[in-house]
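Both of the next two complexes hold chain A, though its partner changes from chain B to chain C.
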Partner chain A sequence: MTDWRRLFRVTGVNSVVGILPLLAGVLTALILIAILLNTEGFTMRDVWDALYDGAWETDGKKLRVLINWMPLMLCSTGLLLTFTAGLWNIGIEGQLTMGALGAAAVALFVRHDSKTVQLGAEIGLACIAGAGWGLLAGILKTRGGVNEIFGGVALNFISALFSAFLISGPWAPERGGTGSRTEAFDEFTLLPSRIIDRSHLSNTAVALTVGGFIVVALILYFSRFGLQLKAIGKSENSARALGIPTERNLWLAMLLCGGLAGLGGAIKVLHPPIGQLQQNSSGGIGFLALLVVLLASIRPWLVPIIAFVFAFLATGGQRVESSLQIDAALVNVLQGVLVLAVLLFDGIRQRIQAEQEKRAVAAQAARRAAEEELKVKSS
Partner chain B sequence: MNEALIKTLAEIVGTAAPLLIAAQGELITERAGVVNLSLDGSIVLAAMAAFAVAYETESTELGILVAMLVGMLIAILIISANVTLKVNQIALGFVLTLLCADLSTYLGRDYTGLPGGNVEIPYAPIPLLKDIPVIGEIFFRQNLMVYFSFVLVAAVWFWIYRTGPGLSLRALGERPSAAYVRGTRVQFWRFVYVAIGGSLVGLAGAAYSLDVLLGWREGLTVGQGWIALAIVIFGTWKPLRILLGAYLIVGLRSFALYLQRQDTINLPVHILNMIPWLLMLLTLMFVASGVANYLVVALPKRWQTPARRFLRSDPPAALGTAFEKE
Partner chain C sequence: MQLELRHISKTFGPLKANNDINHTFQEGRIYAILGENGAGKSTLMKIISGYQQPDTGGELLINGTPTVIHSPSDALNNGIGMLYQDPLDFPPMTVLENYLTSHPRTGFLPDRSEARREFLSIAQRFGFHLDPDMLIEGLTIGERQQLEIVRLLSLKIGFLILDEPTTGISEAQRQTLFSTLKQLAAEDKLTIALVTHKLADVEELCDEVMVLRHGRVSGTCTMPQPPDTLVRMMFGHTEEAVREKATRTMNWVQLSRGLLPDSDNLPALPLGQPILQVKELTLQTRLLTIENITLDVREGEVIGLAGLDGSGQGDFMRQCAGLNRVSWRDHVMSGIAFAGLIILFDYLMGYSSTVFTTTLLLLLGLTLGPVFISLLSYLRDRTEHVYFDGIPTRWMSYRDLRERGLAYLSAGRLEEGLVTGMTLTQHFALAKLSKIPWVNWFAALRRTNEGIKQYDVRGQAFSPIQTLSGGNQQRVALALLADNLRLAFLENPTRGLDVNSARNIWHLLLSRREKGTAIVFSSPDLDEIVAYSDRVMVFSSGRCTLVGDPAKINRHDLGLLIGGLRHD
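Moving on to the complex of A and B:
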């Protein structure tokens, strides 16, 4: 039988103290936003109503949140691996873009009779493109002496420019090209979907997203590879000294993360109703995923929840803009303040804990000294 | 020299000024052992603040001052949280990058597209110097912000390499524990240098909205902060090389624009814009991989040591780590 206590321990579910910073951060962000709104003459209630109206009122709106959730979730899942290994995979934005390009390349130019094969090729190439882009950043780091943050930023720019080049040049629609999107993909190349309340839902996409997350969570909690990544994250040099193949593991983490981001890119462009490659198809999802994982402090079980909240905010944010005339950037400000506050509160928690430990150690030492003294006296 | 070329070069020197100022600010910060990753956000928020304040008060100076304050406050937030709470500098910087950019969009929405003619940093050719052929035309027919960027590079170089406090600054980034033993107040001086670096980053923002890209619109300077960060790495944490790097990048950009305007050469602009990034990646790889070493060995003996020194690219050893007394 599963030892539930062990499961709680490895997942960190039971540590109430660990969650406190998150709650305090949420509170801080809400208060700050309330003040900001107050100066504009709105209340939180107005914004909540607009968010609810835009992203939750009907089944179709809920589905739209789900569609936004999937690419974000896949990127966050991938980042769990790289963050665990102590890598700042800021290049995830580019990995997502490359995935979208890979899927679009097949959808636009390859046609197979079987829909399964067609979709498999699209998703496969997306994963390969994303994984390759991730691995490239990894190789640049370990072999090229290029820090993964700088390498990632450079690769982000390069992929964004490459995508813009394709959309405005070779992949531009034959008629009426605006330089901002390709031709709509053929219905046949899109993910199979049902229509519920005027919104689409592809079970395949949901299964891939959830499946990817479960696999990564299992890897992190229960596999040797996951444990090795944790060791590398704590101290790369110590891990190497212990005989862990650090370079191979780092590459694998980047590869898997890139692959998942690529899959996210594929879902982004292949899920109806979008069904085309648009300029800026990454749209900051990769950066948002970095915030999600930071907010979760790399605790996997929190990631789906936080990603869902972010997807909800992103979906409802548009309604906030249109009905209250408040810039949708406010929703992003809320997210930013939230993550900032959580980082700071987590720092405070760690500091308090460290001081407590220090005091406990000192108290123990004092007790031991007193006992020694007693022994000496009694003898 | 040909008129058009001189005009282009002068334009490069002018538009590279903000990038140069921001990169020097980041250089000071990183030399002190701290990474301020928030550059992209800091610059855009400072640019917005500078334009908004200058527009409201009709005072360019006040706008510049507020922009510097914004940059400084962001940098201070990073260093304080890092020193007192041990929060990761990279994480903080990254979050602030996104947060500041969004804040600038939200707070600056009323200032979008307003004319900025009366708050522009005035054109100020330097008498006598401006009459030097070629050099004068390129460097001395600019505005005060551009002259400041020249002076800044010289000052930073002198401070780092020729003064006692500059030596301590290098120690802060290389081995703070050694600096501490030598009697340097590590946390205090890190704080000071990071604040100065941050205010320079803010100044760069003001240089964009009050000069180079006069005015304000959403995401006015997006990407520039990342380029400035890249230039610091590309310039191997040395002030003069950062100057060269900034001019090279801006030069490549204007070359791409030039090529785009030519009808005979049909290279897509997006591909041309990739060149700076590819160049930086390739250069860094070239230096880090063994290839550079093979080439150095092939040189005459006399040139080997200077060549090695030229190719060396070592980040400050303690970059990004919090200092703790043992």
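Moving on to the complex of A and C:
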């Protein structure tokens, strides 16, 4: 029984106690936020009402949360891999943008009779473009010695500029271009969706998101690759000395992460009702995903929940702005407070855990010493 | 400074790491603190240097005044300084900058010229040849130690703790260190406490000895003492044989050698096929170029690499093990990645924007750089220099060679070898070279428990590796090596281990040897090399000499070679 539980711990499934600090952090954050709101003359109740009103009141609004959830979820899923490998893949924002560009390129200029092939090509190129962008950051890291954070930031810039160049230049609509969006894609090139309560929902997108997450979770929990990534994340030198192909694994992690982010970008632009490439189509989702994974402290099973909360906040935030006349930036502040509080409590948890481990080891040593003393006495 | 410990105890859960320790360190004396691994030496030193607090009831008296030390910087303020086994400095900075980091008068704008004068005057007093503008990266461990001593002295300390200071430094540096310490005790009235395993150091340097066992002071005495007295105080229960040997020789390696079965017939083991052939290899190390290294290692043979720290032994092993090389598989992989990215961007962008041209050129340089370097060196010198098991190794990385039965264990076990934060089971799962994409945790657990039993590891399958003691970590590292091991490169395999642990490690190594595994190891301890090697390679100031005659494998002859006094 205990062996079973410990084996689970080895594979990375943490006990329920592990989320206590998360709950404590959320609680602290809520208290801080309440104080913050109070100074502005609002109560938590006002904000909650506005959030509920904006993101949960009707089925259509719930669907909108789900649509925001999907790209965020895909990015977070990809980041699980790179975080495990010890990489701060801040370039995820650019990988998402490249994915959106890849999907848009096919949607705008390629036409195939079969809708399946058409969509496959769009999503495929999005994944490849995102993956290539990720691999680029990986190559810069392992071969060029450029820290993935700096490389990622630079690549984010390049992809944003490139996206702006395409939208205002070669991909600009022929008439009435404002320089902020391309022409709307043909209905035929969008993800198949049904309409519920005036909102669209594409089952394909949901299936891709959930499927991607399940595959990555399986990789992290059960695969050799996942275990090797863990080892690389903890100590790259030691991993190499254990015979793990570190460079190959790091590239693969970046590649997969970029691919998932690219898929997120594709869903972002191909999911109705958007259906076009807009300026700043990434919308900071990549950065938000970094926070999601930080909050989950690389515990995969927590990621969907946290991503959902974030998607809810992002969706409802707009209503908060309009109905309470609070700047939407407040929602970002709320998220920031949340992240800080949870990280704080996680730090406390880690300290306690380390102390416990130390005690357990000491106890073991004491038992041994006592046994030896006995042996000596008896002999 | 006089330091008195009164009723110092430290409890971790049910373990009493220190149990009612009472001792007075008198001013101007040099103390040795002896004890087995886990006897409580480091806990005691951590309490004195402020890293940990003693349990309530214990006190420290500095010159008769009860003092509570809250932190290491507090300890420094009270005049207690500690010299760690691995120097606590900042390698990317220069010697002077390191000196300045903890300088009391370092303001916002430190007075560099004043600090330089001060630094040089202290260094000169003890005969340290340290260049203040040199980067720490370029210094040996011994020189870094000297820097730390200068730094601590500038802080006007009165009590100096040294943790295994002679590990990893040369004989000459050891002599300088000892004369410095003696001078400090005699002239500056510094109290010095030396934590060590090496009885030779104690004999040579210390005035007083304090021995810890199971957290208690098991004895104190004034030097000189016959070594067997010390050994008895340290180990207590050790068998008669150990004491007998200890009276004959006080070095721990010889002491352990006496305990090994058939140790006197080491070279008698029949040697098998040549496993490693090195032909006229030229080795470029950080400071030296060593030319014309030739060596044949046969199955079951033990080759010791002797020489001063940093003479190229480590580089030689890393070179032969392929650690700094890129595998041909990775060359191919990077080629594919590069081609893929070019095609992708070409298709995706289709616009010859400057940004992308630049990016592509950058990529070309980065991905294919190592390939070009390898190719260039191949064109310059097409002869193969290192054969492993008859196969040329130029295009093979460590991973490729590892699959064929080669292994390399670095001296830094947790820096390069074992993964801090992972459990033993995870290590066993990682070390299994397998093509199956998933991990069979049950098989890994079984292998772990077998390994624990076979190698007598004191730890459990689910213990994180860093919670094990040094000796047990080393045993795990050995247990992780493949069963079909053909050749092992071991860098200082018994670093930081006590007598019993070191003996056990060698026992495990030599049992591998009986199965035909060849061992190439380096050690800063000449006695260890003399005790275990069939043949010895001596690295000395850019030259490399192979000593095959067993009669010449002794301290004296090897010492002459290391000192560069003889080449034959």
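Couple of notes before you dig in:
By our rule, the second predicted complex is superposed on the first by the 339 of 379 C-alpha atoms of A that agree within 3 Å, B and C clash if a C-alpha of one lies under 4 Å from a C-alpha of the other, contacts with A are read in each partner's own complex, and residues count from 1 in each chain.
Convention: a contact is a pair of C-beta atoms (placed from the backbone, for glycine too) under 8 Å apart; a residue touches a chain by one contact, two chains touch by 3 or more.
Bear in mind that the values here come from a model prediction, so they are computed numbers and not experimental data.
When chain A is checked against chain B and against chain C, the one touching more of its residues turns out to be C.
By the touch criterion stated above, A:G144 is placed in contact with chain B and with chain C alike.
Applying the stated contact rule after C-alpha superposition, one finds that A:L270 touches neither chain B nor chain C. Applying the stated contact rule after C-alpha superposition, one finds that A:S235 touches chain C and leaves chain B untouched.
Contact with both chain B and chain C is seen for A:F162 once the two complexes are overlaid on the shared chain. Shared-chain residue A:F222: touches chain C; no touch with chain B. When the two complexes are overlaid on their common chain A, residue A:A311 makes contact with neither chain B nor chain C.
By the touch criterion defined above, A:F287 lies against chain B but remains apart from chain C after alignment on the C-alpha atoms of chain A. With the contact threshold set out at the top, residues 140, 143-144, 158, 161-162, 165 of chain A are in contact with chain B in one structure and with chain C in the other. Put simply, chain A touches chain C in their complex at residues 3, 6-7, 9-11, 101-102, 105, 125, 128-129, 132, 135-136, 139-140, 143-144, 158, 161-162, 165, 170, 222-225, 227-228, 230-231, 234-235, 237-245, 247-248, 251, 357-369, 373, 376.
Residues 37, 81, 84-88, 90-92, 94-96, 98-99, 102-103, 105-106, 109, 223, 226, 229-230, 233, 268, 270-271, 273-274, 277-278, 280-281, 284-285, 287-289, 313 of chain B are the ones that touch chain A when the two sit in their complex.
Note for the complex: chain A touches chain B at residues 88, 90, 140, 143-147, 149-151, 153-154, 157-158, 161-162, 164-165, 168-169, 287, 290-291, 294, 327, 329-330, 332-333, 335-337, 339-340, 343-344, 346-348, 350-351.
Listing the residues of chain C that touch chain A in their complex gives 12-17, 38, 214, 236-237, 323, 330, 333-334, 337, 340-341, 344-345, 348-349, 351, 353, 355, 359, 362-363, 366-367, 369-370, 398-399, 402-403, 408-410, 414-423, 425-427, 429-431, 433-434, 436-439, 441-442, 445, 458, 460-464, 467, 480.
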